[in-house]
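Per-chain residue numbering starts at 1, and chain names A, B and C are given in the order in which the chains are listed.
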Amino acid sequence: MPDFFPTSHELTIREIVALTRAVPRLGVPLDRRIGNIAPLDTARAGDITYLDNAKYLDALAVTRAGACLVVPRFEGAAPNNLAVLVTAEPHRAFVAVARALFPSALRPSSLFGGTGRARSAQVHASAHVEAGVTIDPLAVIGPDAEIGAGTLISAGAVIGPGVAIGRDCAIGAGATILHALIGDRVVIHSGVRIGQDGFGYLPSPQGHQKIPQTRRVIIQDDVEIGANATIDRGSTRDTVIGEGTKIDNLVQIAHNVTVGRRCLIAAQTGISGSSQVGDFVMMGGQVGLADHVTIGDGAMLAAQSGFMSDVPPGGRFMGSPAQPAREYMKGIALLRRLARGGKRGTRDGEGE
Amino acid sequence: MPDFFPTSHELTIREIVALTRAVPRLGVPLDRRIGNIAPLDTARAGDITYLDNAKYLDALAVTRAGACLVVPRFEGAAPNNLAVLVTAEPHRAFVAVARALFPSALRPSSLFGGTGRARSAQVHASAHVEAGVTIDPLAVIGPDAEIGAGTLISAGAVIGPGVAIGRDCAIGAGATILHALIGDRVVIHSGVRIGQDGFGYLPSPQGHQKIPQTRRVIIQDDVEIGANATIDRGSTRDTVIGEGTKIDNLVQIAHNVTVGRRCLIAAQTGISGSSQVGDFVMMGGQVGLADHVTIGDGAMLAAQSGFMSDVPPGGRFMGSPAQPAREYMKGIALLRRLARGGKRGTRDGEGE
Amino acid sequence: MPDFFPTSHELTIREIVALTRAVPRLGVPLDRRIGNIAPLDTARAGDITYLDNAKYLDALAVTRAGACLVVPRFEGAAPNNLAVLVTAEPHRAFVAVARALFPSALRPSSLFGGTGRARSAQVHASAHVEAGVTIDPLAVIGPDAEIGAGTLISAGAVIGPGVAIGRDCAIGAGATILHALIGDRVVIHSGVRIGQDGFGYLPSPQGHQKIPQTRRVIIQDDVEIGANATIDRGSTRDTVIGEGTKIDNLVQIAHNVTVGRRCLIAAQTGISGSSQVGDFVMMGGQVGLADHVTIGDGAMLAAQSGFMSDVPPGGRFMGSPAQPAREYMKGIALLRRLARGGKRGTRDGEGE
């Protein structure tokens, strides 16, 4: 079966040692060539792997990897013939090697193997496309749009009137970008919808009247947005995604929201209108924020938690409605004890 | 940076007073021209703003807005030089002005700045397209489809065979509409998927067998459907979305569901097969309804709540599984007290 | 109003009896022709319907259906003039008839009424398209892609470089398939996104660094994937969806996940990175799995439940965090009793 990222480049273990500052165990063949990455159990002679978790020590004993990055305390557990590279952070070193071996995996590339502008793409005469832009077949670029050098517009993507996209971005297949200003090195995956109307209506006897949504979406540099995520434009304030923030698939960001810098927002999370998220915030999957909520810098919100009120900087919260994590876990534990009436319940739910 | 809805139209304060029936404070310059809307803190000389919440009184004191709509009790707090317009419903008046200033924001417009049929659109010879329809580049309209006058089909949208769309609708970029009948003045945003098979299978020794889904999706007049939402067609009954209902991004509506008139359904909510939702129902984000559940008229379902049984008309429910809101909040409060063992916990989750 | 699946084929009751092994009540007109399916309340003379739930006995008394499949215990309740067919499994028999009457509803068909390759489709010269493939207008098929005989690529779908799709598949409008190998008879609905980067980053002082995602998505035979669902490709292991598994709309499957055979996964569920789901697992809507979680064969996970740890084979779990279903229900019941302080609460949430 084909590989989509075939080995195209190799590093010697000597080069890997220089790159990662890992320390090779005595006798490691520094001229051995490594061309791929793999987990311990499937790694072969040309692959590098890593171990930082005692759970996988059994796999270490039988791995056929060409090299293995390990923490110092596992060095002794490795078989003698394994090329062991010792480092305090094996996963970080592994990622560094992976990034060196597979530069083409760091950013999406053309889906048609092309460069330049596909003839079937529809680019408005008034659009400003810099040199070095790749436009895949059947993409649409509207009037007065601007696309910076090095950017890829994938097949079927639609860039609306006046949208500005910076340099070295990748816009995924079938994505729609309207009423937005996009920075440099932004990656937007397939099917993302940016800049449509926020969800704002005024009830009236004649039905729900649309509240005009006249502002924009601002996506700062180095943001990545997952497939089929949606980001609405603002009503009276811009919706803003801060520098370096990474957003997973199927996330919803409502109008007027500000998300700070270098946040990580996992899949299917929803952030309601006018909420403010600080810098370095982490959200698990399926988190929900009500509107007008403020989340402090560095807060960590557990998966499926729900927020109707503010979270202080550094807070760790769980549950719906969310509580400080320790308090929430105490409540859960207490309820389980009470429900069991003092005896321990079974864990399979069937055997009672 | 560009504005996507630049000031193109102005109203005098006199015209605003006539439109909103607000009462100008003595000395307000009735000939002053207002061309834009803004929040208190960012408003400038040509902008109108509003205040109806004591939380923002500080901003009122320093706003530079050209006019400000306020409730009577805040009139005294406004600086003397501010053009204050007094009204019982400042937000409603503000929206009325916004709608008058930005008529182009009330409905999506062509992404290619065009009117008529783009040459690259693929319109089947048997489709019936009325005069005054705008079809953006690379849209696809299938055999026997019907599109009413004044409707916009955005770039890359796909209208399946036999689908009928009424007048003055807007169908977003990359949306797919199959097996559906759509009323007038319906707005469907980018990436919406309407009319695919419902999720129905019959387990068998040969695997899960598809249950044929032979009915339709009916979308009544004045419905709006958010980006990347999905609405499945019925198996033996039509899936119906009632007049004037507004549905947010990433909502899932399963086969055979009926949603009544003028509901508001927030993002990422899911309604399972054959459930019945009444009129004027409001659902927060990430709500879940099991199948065959009935929700009474005017019910309010809190964000992240989950429903396995019916809700009476006017019911206010929270939690998963959902309970009447007051009962649910009592349970949450009780559990927190028990878990704290009598002492008050901290709120940051870190400082304990 | 038009029907999208008009009656095109009829079966006599005799043929239906032969197909379903149901037993006709004395006097049933075996030559009567049945051309459509319907629920009890809307069925007409040419329609077949069924009853297996006492809740609908009233509708049985007045149905105008041309034939009705019932369980033995309801036979006596049917009016004398109704053509009653007795079977232990009326719904199964009904589905069998529906499948026979509407073979065209078993798989999506061309949205342009065509066969062969639409002239506006963009098929790379190096792609290998077998005979008998239908390619709708404005689809894009990248370099070295392979499409098996009998497969439909709908309007606007994008098939990336090197992707292999088997025979008799249907790929929905606007779907994107990258870095993937797809089996036979797979149905992928509109807007599905397969094969984009998994959500993997390494925090660093320079920002979150992308962890290369170099593996694939493997979709085995007879899988169906709902509209706007997303499936990421693996980082160091392939993401795999097992044979016969059915996935509903807006589901998220993260990198390195394995889902087993013949699972049913309802809408808006999210499965985080590297989790392992066994065979015959059923998940309700909006379920969430954390990363590295293992779900045993045959487990049933209730809607909105959340999993941070493993589930044994056959386990039935509810809640977030999830517990064995009985234990969870006990806790909920206990909390409600405590909160009510001994008196029973009302059910409408307003009348207290």
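As a convention for this text, a contact is a pair of C-beta atoms (placed from the backbone, for glycine too) under 8 Å apart; a residue touches a chain by one contact, two chains touch by 3 or more.
All figures in this text were calculated on a predicted structure; none of them were measured in a lab.
At the chain B-chain C interface, residue numbers used by both copies make up under half of all numbers present, so the two copies contact each other through mostly different positions. Overlaying the C-alpha trace of chain A on that of chain B calls for a turn of 120°, given as a multiple of 5.
Per-chain CA centroids place chain B at a distance of 27 Å from chain C.
In chain C, the residues touching two or more other chains are 120, 138, 156, 174, 191, 228, 250, 268, 286, 304, 320, 335. On the side of chain C, the complex with chain A involves touching residues 120, 122, 124, 138, 140, 142-143, 156, 158, 160-162, 164, 174, 176, 178-179, 181, 191, 193, 196-197, 199, 201-202, 207-214, 216, 228, 230, 232-233, 236-237, 250, 252, 254, 268, 270, 272, 286, 288, 290, 304, 306, 308, 312, 314-317, 320-321, 323-327, 330-331, 334-335.
Residues 1-5, 37-39, 42, 91-92, 95, 98-99, 101-102, 105-106, 108, 111-113, 118, 120, 136-138, 154-156, 172-174, 187, 189-191, 222, 224, 226-228, 243-244, 246, 248-250, 262, 264, 266-268, 284-286, 303-304, 320, 332, 335-336, 338-340, 345-350, 352 of chain B are the ones that touch chain A when the two sit in their complex.
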